[in-house]
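Listed next: structures, encoded as structure tokens.
Consider the two complexes below, in which chain A is the common component and chain B and chain C are the respective partners.
Up next is the complex of A and B:
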């Protein structure tokens, strides 16, 4: 199968600021890609380019279409939650379902109803009467009932409590995701989604500083709790990041053989959050 | 097509005033008039309290029936004035509201073109809302005519069929929608301008719609001391009526030369209106405004 997203030399400037600086990547079908970056790194700009919401330089193809010139046709195959609380407040739940049925050729109203039945969202309620968590549940119900190939989520759980956040990703994984679909997600709460990602992209100052599958990440990045007498030796292997924990040194290595590192101390699997901090601090600003 | 109909329904859900205002107006008129009529009946007042002296002394229902269309038209005109205000407020808000509450991101996640979105707003303003106002005006007049019939019966006037003559009623029921369409056609550029302001305005879209014409008037006054712009704009706001109706004879709804005429007000040569440069020039201007609104909706980064 061909790539779901193919970006080559993607650039975008706001005023003098380069939000995206010559970014190239591909996303294959059946992947769950986490796009992680600090505020203002270009995450949202990248997603907006992919969704046809903003013009850009370079070439970008989403499901074989140019998203900017072909947005409304692209939206038959792509769904997105751009933000919490973008559902219009005047819309009633029942009418949202009715409208989606009429407007979206791939919307399965029964699926949406079945999902909503498990929540406290009442069919007669207006969006404005729902809590933030319930609005996200409703939006998720609408989006999951669309038989789309690509789902884009931009901070979909921002401001929700942990219960809603957990339930959101569980539903996404259990009721929605399969090999035919692709999910692209940005979030700050990276520790909550790292176990469901198949691919990781770090973005900083408009550039990709990491673009790798999770398997490859786990092969190439190793964190070592250095034995005190081995610190000097470990330094010579040029760790990409150093931190201290209870007075002991934790070094992060990239591309160093595990057997070699095992002689230095205890090996750990670095969390995505640790990797992120390491990459952000290590990368040239 | 089902998608476009869904978009029209969406407009009515979001902007409920399009239906609520004419319905409320109808309710107010009916409750006031019927309430006083019932009060008069209960208190045993004679016909002179319900109709004026001329009618009560000589209730000629055949002549009266010729006035029913005039009543329809007067009622429609009244609803039309309220409609104009209501639709203007709707139009300046229609594209702005989505941007204000960020729901534009939801609408843009649906497979709907921005062209269809913008056209659904114009269709709502120029066809759906006038249709709703017309139906409300008709229903109100119709109920009042029934009430008048009942009042006449209760005063022993048995032959009220004159009130319900087919020909004048038919001319109104067929004529008014056609007339409404022709009037709406004149306002297409005004509506398109409001939509453009709604797509453009960073805030206060009504102000953005009103300021450029006002600024033009002032600039012209200062620079040339002339009044071409206000004349032109005034003609665009009200000029459809002298173009459609023969104002030399026509002094009121259904009245010509101080005589009631029981049909539509005297119409001018409609074909010359429908082929006039003024009307089609308006369409061209509207096309430019709509294209601008679609482009803004489509290409401007809204977040």
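Up next is the complex of A and C:
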């Protein structure tokens, strides 16, 4: 199967500022890709380009189409959700469903109704009268009823408490995702989705500083709790990041053989959050 | 359900171990269906590829079989095979040390067994 997204030399400047600087990557079907970066790193610009909302330099193909010139047709295969707090409070649930039916050719209103029937969300209610959990369910109903091959989620769980954030991803995995579909997600709450991702992209100053499958990440990055007498030896292997925990040194290594590292101390799998901090500090500003 | 994954082993491996424990403890029996990849992925918030990899490890060990269109099932004899494996490992890895300790301390094996039986009866 061909790539869902293929970007080559993607660049975008606002005034003199390079929001995206020669970015290349591909996303294959059936993957859950996390696009992680600090504010202003270029995440939103990348998403906008993929959704055909902004012109760009370089080559970009989303499901075989140029998103900017072919946006209308592309949108039939793409579903996009920004954070869930964006549904207007005055909107009635039934109206939200009507609206989606009119906007999106692949929106299956029956599917959305069936999903909502399992919840407390009533068709006559206004968004402002719903609890936060119910708003999440409404949002999910709207997203999952779109038969889209690519789902783009931009900070989908912003402002939700942990229970609803969990419920959001659980429903997504249970009722939506399969090997034909692809999810691209940006979020600040990396810890919660790190086991969910199949691929990881870090973006900083408009450039990709990491672009790898989670399997490859786990093969190449190892964190070692260094035995005190081995610190000097460990330093010589050039750790990419160093931190301390209860007076012990934790070094992060990239591309050093596990067997070699095992002689220095206890091996751990670094969390995505640790990797992120390491990569952001390590990369030249 | 909030599993605590340790960070020393790959998650698919830990998932495999969890299912092995469930089979050994009789939580799932020979012939039982395992939850679908989706269900496990949703419940544990794991990506489906990780779950699939864990299941595949069990298939490779011939403990689980994939029935086309139906999902994953615990194979007949899986528990027996695991138990045999655990017994072999106990005899090879732990028993020599335990036997040596028993001998060194001059215990009578029968007396020791009577003691543990008594303890089990109390709990």
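Quick note on the criterion: the second predicted complex is superposed on the first by the 262 of 285 C-alpha atoms of A that agree within 3 Å, B and C clash if a C-alpha of one lies under 4 Å from a C-alpha of the other, contacts with A are read in each partner's own complex, and residues count from 1 in each chain.
Here, a residue touches a chain if its C-beta (ideal position, glycine included) is under 8 Å from a C-beta of that chain, and two chains touch if they have at least 3 such contacts.
Since we're looking at a predicted model, the values are computed, not measured.
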| item | value |
| --- | --- |
| First, second, both or neither for A:32, with chain B first and chain C second | second |
| Chain touching more of chain A, residue-wise (chain B, chain C) | B |
| Contacts of A:102 with chain B and chain C, given as first, second, both or neither | first |
| Chain B versus chain C as contact partner of A:53, first or second or both or neither | first |
| Contacts of A:92 with chain B and chain C, given as first, second, both or neither | first |
| Partner chain(s) touched by A:198 [first = chain B, second = chain C, both, neither] | second |
| Chain B versus chain C as contact partner of A:79, first or second or both or neither | first |
| Partner chain(s) touched by A:208 [first = chain B, second = chain C, both, neither] | neither |
| Footprint overlap on chain A, comparing chain B with chain C | none |
| Chain A residues touching chain B - in the complex, by the definition given at the top | 44, 48, 51, 53-55, 71-76, 79-83, 85-92, 95, 99-100, 102-105, 139 |
| List of chain A residues in touch with chain C within their complex | 32, 166, 169-171, 173-174, 177-179, 192-193, 195-198, 214, 218, 266-271 |
| Residues of chain C that touch chain A when the two form their complex | 5, 7-8, 10-11, 38-39, 41-50 |
| For the chain B and chain A complex, residues of the former touching the latter | 2-3, 5-7, 9-10, 13-14, 98, 101-106, 108-114, 116, 298-299, 301-303 |
